[in-house]
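Note that the chains are named A, B, C and D in the order they appear, and that numbering of residues resets to 1 at the start of each chain.
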Amino acid sequence: MGDEKRSQAVGECKIDVRVRYAECDAMGYLHHGRYWEYFEMVRTELLKQNGFRYRDLEAAGTFFVVYKCSCRYLRPIRYDDLVRVTAEVVRTTRTRVDHTYHMAVTGQRTTEAASTLACVGRDGKPTLMSDELWSCTTNGHPDE
Amino acid sequence: MGDEKRSQAVGECKIDVRVRYAECDAMGYLHHGRYWEYFEMVRTELLKQNGFRYRDLEAAGTFFVVYKCSCRYLRPIRYDDLVRVTAEVVRTTRTRVDHTYHMAVTGQRTTEAASTLACVGRDGKPTLMSDELWSCTTNGHPDE
Amino acid sequence: MGDEKRSQAVGECKIDVRVRYAECDAMGYLHHGRYWEYFEMVRTELLKQNGFRYRDLEAAGTFFVVYKCSCRYLRPIRYDDLVRVTAEVVRTTRTRVDHTYHMAVTGQRTTEAASTLACVGRDGKPTLMSDELWSCTTNGHPDE
Amino acid sequence: MGDEKRSQAVGECKIDVRVRYAECDAMGYLHHGRYWEYFEMVRTELLKQNGFRYRDLEAAGTFFVVYKCSCRYLRPIRYDDLVRVTAEVVRTTRTRVDHTYHMAVTGQRTTEAASTLACVGRDGKPTLMSDELWSCTTNGHPDE
């Protein structure tokens, strides 16, 4: 890949998500299991910023599966809150991508999280990312 | 298919489901959108009673998609309630199956619902059920 | 309430929702049970357009619960599709509101639905809407 | 609390959960965000084994909120798999409980996870567990 494209690689993405009623539990808080959908959404957008559509990747036989994840819930998030969700690529190899995430409501940090995704084929077995894909998931520094 | 197997076709199924915390909304009630998961579960079991595993049907290229559905919520259902969910096949053609459902908590009816499923292939286009599958979805009366 | 405000009542609302990966089933289609979350989202926004925040209504002891609903799935919706969701108030009484909904992807209608909500108090018992709330849920014609 | 009851405290719980169709993603795998519902279910049962119903605790003003969690997904889990979910209390203080979890399908470990719950009041502020509750969440060793 040329330097030009490489230098355009985007390693961070922010989206705003309005919390749905159905996502909240009996305490009126966003259920802790739903946060992973938000992180998934921001990863979808991060890929798009780099020219990839995850839907097309899957159609072409490249899948990312979550291998591990962790989350700290600092403050609760409530129904109808507008949540700023930020993802950053922090490390990558040919078969894995590490992201960190944080979330904030009206500027106050509510959540910190991290995940490791593995790149697999249609059979679920580990596979190498293409040069292009790898480049875009390396936070702009594919050669590191 | 032979009369013997046909006469064994089962048109009704009951399962018991314990309501999860995550399924309840801020009122503490089972969210109305989650009911469809319960109906899906009882359909899975109904097929099993007739010797089919939906997972295997999909692997073989036969899918059932919901074409229409309706539900009446007579009484709320709460977290940790044990819900008796009943499904019945009420009508079938070679390409569609109609089910009715009801739910009850400690013997008291909470919910009445109905759905029409269409049989489609991997491409999403309508397809005919096999004789065997059709037989088992006809409430024991495949020739009607 | 004055004629001025009444004439501002908004009976229709449109939102755009990007389909999440987690919302799709093994066929890659938006799961039929998830549609109700989308309809709930558009109702939240419809109330806002009329000056109400559902979160505040609940805090003040007014709840809307789904009493019945129905949906026709005309075409599948897929992961990453941008869905235009439209809700309209079609009928209202002091204790109930009827909405119809439709959804479209790139201009093509995918879904038609309807629901009846009941207004209840914290104890789950039917209650009358306030004049103001009733006015805004009457499609701009509160006196009909 | 008497020694008798204390010695009955149960620190581990196992449940079997059948994976729902709606819980699986486009790969046909149980979505990583849904695992937390399974862990929540087994915690509900663990409390019951010790004589508490979480629904009643909430009604009485005692809530457990997830403060942090982590999970490793060793093998995928599929629709209609029967999953054995195990939870164990590994550490407790008057305001927090640490659980570890693992999941297995047909005897093969698929998942390892951990969480820390905080005990809070209706206002979301940290609160001390009652003696009785604390005792039952201490893995049978409340005095350690």
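Heads up, the rule we're going with is that contacts are C-beta pairs under 8 Å (C-beta built on N, C-alpha and C of every residue); 3 or more make two chains touch, one makes a residue touch a chain.
What you see is a predicted model; the values in this text were computed from it and never measured.
Asker: Indicate whether more than half of the residue numbers at the chain B-chain D interface occur in both copies; give same if so and different if not.
Answerer: Same, since most residue numbers here occur in both copies.
Asker: Same interface as C-D shows up in which of A-B, B-D or B-C, over half of contact pairs matched?
Answerer: A-B
Asker: For chain D, which other chain has the most distant CA centre?
Answerer: Centre of mass proxy via C-alpha means gives C as farthest from chain D.
Asker: Write down the chain pair with more C-beta contact pairs when A-C is set against A-D.
Answerer: Result of the comparison of A-C and A-D: A-D.
Asker: When the C-alpha atoms of chain A and chain D are each averaged to a single point, how far apart are the two points in Å?
Answerer: 26
Asker: Where in chain B do residues touch two or more of the other chains?
Answerer: 21-22, 26-27, 31, 33, 36-37, 40, 79
Asker: So how do the chains connect up here, line, ring, star, complete, or something else (other)?
Answerer: Contact pattern: complete, every chain touching every other.
Asker: Residue numbers of chain A touching chain B in their complex, please.
Answerer: Per the stated touch rule, the residues are 21-22, 24-28, 31, 33, 79.
Asker: For the complex, which residues does chain B have touching chain D?
Answerer: Those residues of chain B that touch chain D are 18, 20-23, 36-37, 40-41, 44, 53-55, 78-80.
Asker: In the complex formed with chain A, which residues of chain D make contact?
Answerer: 26-27, 29, 31-37, 40, 58, 63, 65-73, 76, 124
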